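First subunit A sits with subunit B, and in the next complex the same chain sits with subunit C.
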Partner chain A sequence: MLFYSYFKTLVGKEVTVELKNDLAITGTLHSVDQYLNIKLNSIRVVNEQKYPHMLSVRNCFVRGSVVRYVQLPPGSVDVELLHDATRREARGG
Partner chain B sequence: MGSLQQIVLPALDQLSPPGLALVEELDKVLLVQLRDGRKIIGTLCSFDQFANLVLSDAKERIIIGEQYAEVPLGLHIVRGENVVLLGELDAAREPPAGLLLVSEAAIKQAQRAEHEADKIKGTLRARFDFLDDT
Partner chain C sequence: MLDAESIGLLPALERDAQGGPLLDEDEALLQQFERVQLVIGAAADQGEGTLFITEGRVIWLSASQQDLGYSCDFPTIAMHAVATDAESSQRPCLYLQLDNGCDDGGAFGLGGGGSASSGNSASGSEDSEAEADELLPELRLIPAEESQLEALFQAFCEGAERNPDTSDEEEGEGAGFFYNQDEALAGAAQGMALGGGGDVEELLGEDPSRFEDDEEEEEEQKEEEQLQQEQAAAVEVQQQQAGSNASGHPNGC
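Showing the complex of A and B:
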């Protein structure tokens, strides 16, 4: 639940999602759910020529199970806050 | 703490059931990318928490180089585990710029040609593999 909550704090920020098939998509984080499925708005594919089918897509839904990395905007990671939330979660709320 | 953000852990009884994010996409025309690389375009009729999908008027869009074609499939049910991504098709960007619509026969031929080229590349690589052993 921690990462779900954490990703919710990033809604509205620009992130890059790299998928297990090497497709990398940059877009504004619109929403996340408990499976860490991700919805992105105003997307831009990093290697556009290689994935021409994505040219006509602006908003997309990515299934959580195919995500390899989520690259976060620099400065958006508050390590202290994460430490704290991790301990709270480990204690059970 | 000195931070404006707060990671709030939600109480379990306040959580909405997961996997409902696709409600907003119902009745829209979507491009579904599958794990095997295929792209299916269709209207989303139904879904569940696994992202199992029911698509009506589905068609497969095959893109080879600068050519593309659409093969009608009818009503399709996609098992969720095969779904990579669902994209909302922007009518203003359809058909995709720089791509030329060709017939189904032409794209199938291009697909075969590409497949053959890949196979030849594969055998060449296999033949030259011994060079790496030294």
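Showing the complex of A and C:
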């Protein structure tokens, strides 16, 4: 549940979600669930030329299993905290 | 005929007696949206139809053509969104992208899925309806009533949540990943202990001369050594001769 808990702390922040099919979407993190399904608001597509039909998309829901990366705003990441949390998670299971 | 299968859409050709979708034994119909237009890819308009939401998948059946329909399971839907463009003439719709999991070098599963392998090659492709060379795995569901959009969006959210991936690969979140350097090194040390220094002795135990040089090589080596010795001796002799000749001129000239 580590990443679910972690992403919940980023609700309201701007993130870029990169899907396994190479689509990249930047938006405000609206919500995340235990499967890491992600809802983004006020989105803009990084490679918008390829997907002209997405120009008018404002809010979207991304299936957790198709996410490759979630790019985080640098200022919002407490690396030490995350480091400790993952270490604890690895030990505790 | 549109090569919809290449992007993860299965044809739904049969209907039940009431004109609804043919469901599996345990499959329950949860919701139904009337008068929804389906557009596949860039502009392959399928016309108006009815959208059926079941526990595990979505089925769209054409209102006018009895043998036209498609179904798609929720795990294939990579993302969905409400698209409301007030500026362009595009009607408000639910935009979806599919990902059927196969990757054939391209970004989407073009040409790689199942028997429909013609999607990616120009020679095999027969979709004259598609404007682009590739059929991008995009769908648009355009309801006749804009007010249905929110409910549609929600239905797809819930469908995705109902159908998470159940992969056997991972025992848990991030299983198999090292979380920090210490763990990674600990793992490596463990590997060393199991198959490290003790091994050589074990291997030698059976055959002490196992790692000795070949006999042929030994002979060659001996010959070389001999040659070197002779050369060294020859050099020594020269030096002695040179030394005796140049006895009067220690610094040489």
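Just so we're on the same page, the second predicted complex is superposed on the first by the 87 of 93 C-alpha atoms of A that agree within 3 Å, B and C clash if a C-alpha of one lies under 4 Å from a C-alpha of the other, contacts with A are read in each partner's own complex, and residues count from 1 in each chain.
Note that in this section a residue touches a chain if its C-beta (ideal position, glycine included) is under 8 Å from a C-beta of that chain, and two chains touch if they have at least 3 such contacts.
Since this is a predicted model, take the numbers as computed values, not measurements.
Three-chain overlay on subunit A, with subunit B and subunit C in a clash.
Of the two partner chains placed by the overlay, neither subunit B nor subunit C lies in contact with A:Val11. After overlaying the two complexes on the shared chain, residue contacts for A:Asp78 are found with subunit B alone; subunit C is out of touch.
In the superposed model, A:Met54 lies in contact with both subunit B and subunit C. When the shared chain is aligned, subunit C comes close enough to touch A:Asp22, but subunit B does not. Once the two complexes are laid over each other on the shared chain, residue contacts for A:Arg87 go to subunit C alone; subunit B is not touched. Of the two partner chains placed around the shared chain by superposition, subunit B and subunit C are both touched by A:Ser65. Shared contact residues of subunit A, touching subunit B in one structure and subunit C in the other: 1-2, 19, 21, 23, 33, 35, 37, 39, 43, 53-63, 65-66, 89, 93.
The touching residues of subunit A, when paired with subunit B in their complex, are 1-2, 5-6, 8-9, 19, 21, 23, 31, 33-35, 37, 39, 43, 52-63, 65-66, 78, 80-82, 84-85, 88-89, 93. By the touch criterion stated above, subunit C contacts subunit A in their complex at residues 42, 75, 77-85, 87-88, 90, 95, 97, 99, 107-108, 136-138, 140, 153, 156-157, 160-161, 164-165, 172-174, 178-180, 183. Looking at the complex, you find that subunit A touches subunit C at residues 1-3, 19-23, 25, 33, 35, 37, 39, 43, 50-51, 53-66, 83, 86-87, 89-90, 93. Listing the residues of subunit B that touch subunit A in their complex gives 1, 3, 5-10, 15, 18-22, 25, 31, 33, 35, 37, 39, 49, 51, 61, 63, 80-81, 83-90, 93-99.
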